[in-house]
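What follows is a set of structures to go through.
Both of the next two complexes hold chain A, though its partner changes from chain B to chain C.
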Partner chain A sequence: MSKNTRNTAFRKVDVDQYGEEVYEEDQTADEGATGPSDAEVQSMLAKGRNGDALQYVLTNAPLTSKNQGVKDKAAQTVLKVLMSLKANEIEGSLKGLDQAKQDTLMKYIYRGFENPSEGSSAQLLVWHDKLFAVTGVGSIVRVLTDRKRV
Partner chain B sequence: MPDTFSFGIDPLTCHAWNHDHSQLALSPNNHEVHVYKWSDGKWKLSDVLAEHVQRVTGIDWAPKSNRIVTCGVDRNAYVWTLQPDGKWKPALVILRINRAATCVKWSPLETKFAVGSGARLISVCYFEQENDWWVSKHIKKPIRSTVTCIDWHPNNILLACGSSDFKARVFSAYIKEVDEKPNATSWGSKMPFGNLMAEFSNGSGGWVHGISFSASGEKVAWVGHDSSISVVNAADGSKLTTLKTDSLPFVTLTWIKENNIVVAGYDCSPAVFSYDGENVVLIARLDDSETKQQQGSKFSAMKHFRSLDNRATVESNDTTLETVHQNTVTQVTIYAGTKANCTKCSTSGIDGQLVIWDLRSLENSGSNSA
Partner chain C sequence: MSTTLQPYLKAVRQTLTAAICLENFSSQVVERHNKPEVEVRTSKELLLTPVTISRNEKEKVLIEGSINSLRISIAIKQADEIEKILCHKFMRFMMMRAENFIVLRRKPVEGYDISFLITNFHTEQMYKHKVVDFIIHFMEEIDKEMSEMKLAVNSRARISAEEFLKRF
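Entry: the complex of A and B
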């Protein structure tokens, strides 16, 4: 028997990539998307401009970026903003959002549910309830189907 | 009030009407096609077409030549011709696909039909007289996933298809053996077989579940799994307009006027939307559930206690929906009229019901409220 029968590296070769039926995602990565600046957000929250902070983080959401680190950082920033708004301010801040931002916000709410911290889920549930009353199930469906993930 | 017919507890996969809707062909989620005749105020089963060995996924009935084409998961399609003795005779069509067929449609002149499949291609089939059989030609590029829905342009040449690669496309299915050279349309002038005339992305994701050309062929509309409805107007530079709705996704649609579409899907209730060149807006929900709720609030207390009494339970587990359909609507088809002016449409769904909706009352109530 030859010596390299113990070599099992061949098992790790991805043969499926050579098949003609492999589906490749459309390459539309935007390397420039860096997400919201933490400093900006901090200053807005410090000044009490919570509604503006929400608008800012949703406008600059790194949806097209392929960098997971950028996305994670943005998600944390958004979570900070969501936590800092008080329950009675939430409805007011939702009024200023257009449909695209509403869908992005719903994505972040579910992202926030994935990594719960102390008291975060309860606050997120309030957000979810208020946003759902405005958008209906459509935005939740889009959280599931949208290829541009947060 | 819509006419409802129940065909048992099995879902209705698909249905098709003959030219004067006196006959109905449908498949109850198995390998058979049941043909019903309307007599004495009900649907009587007149024939069972059992040639497929696996689930039937599409049926289309050609109004002029009175032929039925069916396709199924067994990778086959059959063209059924009515014999003088009243029986339907099948003719196997070799589609040359290695995955299930998903949808089938006769072309407007009924000289050919197209079959979408999981093999990432469309089979366009036409009848070759000299060998007395149906021949298929493939449209492959650049489809990258299952073809979920197809629809023909009125010129008998162009074919729209939606796919699970999140794209809606318009191809040319010109077959020189059966077609005349087509005139230029808003979609382009060069139409060799398999030519991609236009390709559109469905937003940022979501399978395309249903697609339909308008009566003139100038517009194409589709519905996607991201709960959106999109319309492209080729006459206006292929402008794409999308409406992201707040309901569950729609899976089927058809044009009922040059500017109106009826859609239906997971929310079990058909709705009519209108396109004015700029926006897609909701006009009406055919279920009229508002009046139902008004009636419901009067009787619901009695209904509630009656249902509790029937089941001898303490809690009410009533799962009846307010809508006519009790489960997802999987197909909406024109019943009376044409895509330019449809007066009635029919829907079938997973609840085993076939419902015929009168769209004329919609017009009257719409103009009253305007």
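Entry: the complex of A and C
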């Protein structure tokens, strides 16, 4: 009569996932976002067009990609570009950036801090200072709250 | 090397000012409870992106934010064995008296030497800019105290060795 009550598997079900207001991370992943091409960046740096290299990597930042490998590669490329720019060139290159690119740059600066290497942190601190002078606290708040991680 | 100290502290101050915007938020999981979300970490939508600021490979600060709380973890420069021991003992001394510090956490986060937990209740009671000032001041003073203690240890060791060896 009561054969089905032997099955106690229902106790293991996580009922919280079926709640109406469960937050789900935005699933739409843009598979096309492959990040900046390394060869392109290398050629721009070799020609000395550092400002253009910065614009290029920020425009092609893989923000919507779910692939961690793509993001890591892009982060390394951006770090290379940031290191290549000298202190007096930084201000000039910041002038050409719109707000979205400034926010992306701030994200990459913080990303660069996570993997400190020889002298990278000192240069990144200079970048942070100069970018903050342009954008103010707003860009840091946007870095903290934006779901699209770099 | 010390030329990075001021930019480092400036960057930490700016990031803290941005992250310390906290508001009261009751627990979504347990009714009538109010928990610091950065510690509980059950709801992903309430957590902000954790952010690191590093001065070099050894010294860094991790700032993890959420809607009602903020966790700041500091990794202090420890150049040799004696500094490691001094740092460990000094931090332990302070963490045992965390009640009196109000914003101090009793255990540091994995990989760091000391952690602070600031909740919306703290920001309601205290001025935000003063709390940020406190953290920055703390970071500055720690390095000075550590070098002072190291010198004291070395000079005490020298004096006691001298006294001991006078007998021979």
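Here are a few things to note about the model shown:
Throughout what follows, the second predicted complex is superposed on the first by the 128 of 150 C-alpha atoms of A that agree within 3 Å, B and C clash if a C-alpha of one lies under 4 Å from a C-alpha of the other, contacts with A are read in each partner's own complex, and residues count from 1 in each chain.
We adopt the following convention: contacts are C-beta pairs under 8 Å (C-beta built on N, C-alpha and C of every residue); 3 or more make two chains touch, one makes a residue touch a chain.
Because the structure is a prediction, the values reported are computed rather than measured.
In the superposition on chain A, contact of A:Gln99 is made with chain B only, not with chain C. Touch criterion not met for A:Ala9: it reaches neither chain B nor chain C. Applying the stated contact rule after C-alpha superposition, one finds that A:Thr135 touches chain B and leaves chain C untouched. Within the superposed three-chain model, A:Leu125 lies in touch with chain C and out of touch with chain B [touch as defined at top].
When both complexes are overlaid on chain A, the residue A:Tyr23 reaches chain B and chain C alike. Contacts of A:Asp146 after superposition on the shared chain: both chain B and chain C are touched. More chain A residues lie in contact with C than with the other chain of the pair chain B and chain C. By the touch criterion defined above, A:Ala39 lies against neither chain B nor chain C after alignment on the C-alpha atoms of chain A.
Counting contacts as defined above, chain A residues 23, 137, 141, 145-146 meet chain B in one complex and chain C in the other.
Of all residues in chain A, those touching chain B in their complex are 21, 23-24, 26, 99, 103, 135-139, 141-142, 145-148.
In the complex of the two chains, the chain A residues touching chain C come out as 23, 25, 110, 113-114, 116-117, 121-122, 125-126, 128-129, 132, 137, 140-141, 143-146, 149.
Those residues of chain C that touch chain A in the shared complex are 3-4, 7-8, 10-11, 14-15, 17-19, 21, 43-45, 48-49, 51-57, 60, 65.
Residue ranges of chain B in contact with chain A, taken from their complex: 120, 144-145, 165-166, 201, 203-206, 224-227, 244-249.
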